[in-house]
Amino acid sequence: MHSAPVTSPPAAAEGRLPFTHTLSFRVRYSETDQMGTFYNSRPLEWFECGRSELFRQLGMPYSSLEARGVFLPLVEAHLEYLGRARYDDLLQMTSVASFAGRARLRCDVGIVQAGSGKPVARGHTVHAFADRDGRAIRPPSWLLEALGNPEARGKSDPSRPISEPS
Amino acid sequence: MHSAPVTSPPAAAEGRLPFTHTLSFRVRYSETDQMGTFYNSRPLEWFECGRSELFRQLGMPYSSLEARGVFLPLVEAHLEYLGRARYDDLLQMTSVASFAGRARLRCDVGIVQAGSGKPVARGHTVHAFADRDGRAIRPPSWLLEALGNPEARGKSDPSRPISEPS
Amino acid sequence: MHSAPVTSPPAAAEGRLPFTHTLSFRVRYSETDQMGTFYNSRPLEWFECGRSELFRQLGMPYSSLEARGVFLPLVEAHLEYLGRARYDDLLQMTSVASFAGRARLRCDVGIVQAGSGKPVARGHTVHAFADRDGRAIRPPSWLLEALGNPEARGKSDPSRPISEPS
Amino acid sequence: MHSAPVTSPPAAAEGRLPFTHTLSFRVRYSETDQMGTFYNSRPLEWFECGRSELFRQLGMPYSSLEARGVFLPLVEAHLEYLGRARYDDLLQMTSVASFAGRARLRCDVGIVQAGSGKPVARGHTVHAFADRDGRAIRPPSWLLEALGNPEARGKSDPSRPISEPS
């Protein structure tokens, strides 16, 4: 479902899920704790930075989604802590966004030490589509089409809240 | 200017500035850093907790202010770091809210170790009155009167943004 | 495995896992984001507050564990976001600590709105036993015995790092 | 390498205070609050990122200072909030490090919108020199010389704690 059709030209494949993005960053002092490594909630903040850059590279900055009234709140997050990372360590984070059914996005993330490749953390987040008030909506067709969802056939209606995301 | 009129009955004096509130709390693990004490930005988060409880005790929870369209963004903050506080240390924070001119609130805060009284940090924040979009407004008369501002004479008009807070 | 023997006197049952603790707290302003509810990493910080109070009530404050050289770093965390919680909302968090094998602790946590009982988030964390340098250790027998682990038979040796926690 | 010979050409003068560094970064979603802009404590975290890069460019990463037992805890911080910055806004931060007497460092920081130059925040931090246990020390001569302090004449003794930083 996620693979682009064989005949699609390279240009058209851009901006389609699954989409991979890699980001390098350093651990901030504010992100450490007295154990001497990053505090356990920081990877979720880093995951968010990765999603921001991934969406920007998709040609669809997340801020522009919210400006159009589409929010992507988390419904689930999972984290595994694989190794230490200290203040100022240079880390490399790879994020892969994909569809998880029709009304969910999923990001799978891995973080390693940039130099050694030693694993630091991995995990994933699952996102619903919601309106400004947090109510679940069907993803707008302009968004599904932009992201290359094969199920985007103008079926969705972003203005109609749904009680249970399908 | 800040003192309540001599003849005011005790009940009427409540809810008037200057107003003092004391709050006890423990340092969270997430608030430490690798130096082994609280990270330097945490006192601003604690100051905010103090303001929240102070406004609640004033009979005017800050959430109710925002619900009525009045925001109190910071225009200035000052911090002095006086001593260490480690994870799980029980701290005592005293916050004093007062007017700073007609269009500013000020909170002076001191934090000490609850047991020994040893100083940890002190500082202050200065707050403007703003609308939902962050534009400076004259403080609404209902708010000034509630807070006991002697200059509250129905002069203020909360619906009229002002370019420069007076 | 987790249930205390039927014949144990009430006093002995205290301080034994599984152990449940409930904590009430308000959402801080610093914990919100521009979506108007708590930012997605905050529950992990709240979980930590719950563990701190749970361990204190077990008669074994987590700070005393670290003082004795035993650290409980996270190896895994899982979160489900079930409902909104806004600034100043009063939440109630129930944490249940239990053993997960011989060398792991697990905390299952549920957070609801204190008034309505409406679910906000739930999840769990899994913790290894580690020394000051983050190396996995077998949990010390004094700790296992204190926590009521039926497998505590003096088998463990806290001074010997193990490459793979069993 | 860092001490400038008397006849040093301008290039060798690098690594001396006052030293200026500019850093560009985007506002993270985790750094916003329900007011729609950055939460008031975030500038202190950004200031720290600026100091980290400034020290790295001085040829003296802050992590290497701590590795040699020299810590630079804050003794004072001051912040002025000058304008809004929203999620994903690209900001430009200029940090200037200088000596404040013999036993203090000072960083003056200004943050503007990268595109428009519109001011966002400004402030400063003042830092003591301390050992691993947080006790004030005289700054080591190797550090003073490296930073180009004219008062560095081998007078300082890093191993001797001082009760009051001079």
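Order of writing sets the labels: A, B, C and D. Residues in every chain begin at 1.
Assume a residue touches a chain if its C-beta (ideal position, glycine included) is under 8 Å from a C-beta of that chain, and two chains touch if they have at least 3 such contacts.
Being a predicted model, the structure only gives us computed values, none of them experimental.
Using the mean of the Cα atoms as each chain's centre, the chain most removed from subunit B is A. If you compare A-B with B-C, the chain pair joined by more contacting C-beta pairs is B-C. Rounded to a whole number, the gap between the C-alpha centres of subunit B and subunit C is 33 angstrom. Work out the mean CA point of subunit B and of subunit D, and you get 29 Å between them. With each centre defined as the average position of its C-alpha atoms, the distance from subunit A to subunit B rounds to 37 Å.
Residues of subunit C in contact with two or more other chains: 29-30, 34, 36-37, 41, 45, 48, 66, 86-87. Across the complex, subunit D is touched by residues 26, 28-30, 45, 48-49, 52, 61-63, 66, 86-88 of subunit A.
For subunit C in complex with subunit D, the touching residues are 29-30, 32-34, 36-37, 39, 41, 86-87. Residues 34-37, 40-42, 44-45, 48, 66, 71, 73-81, 84, 125, 134 of subunit D touch subunit B in their complex.
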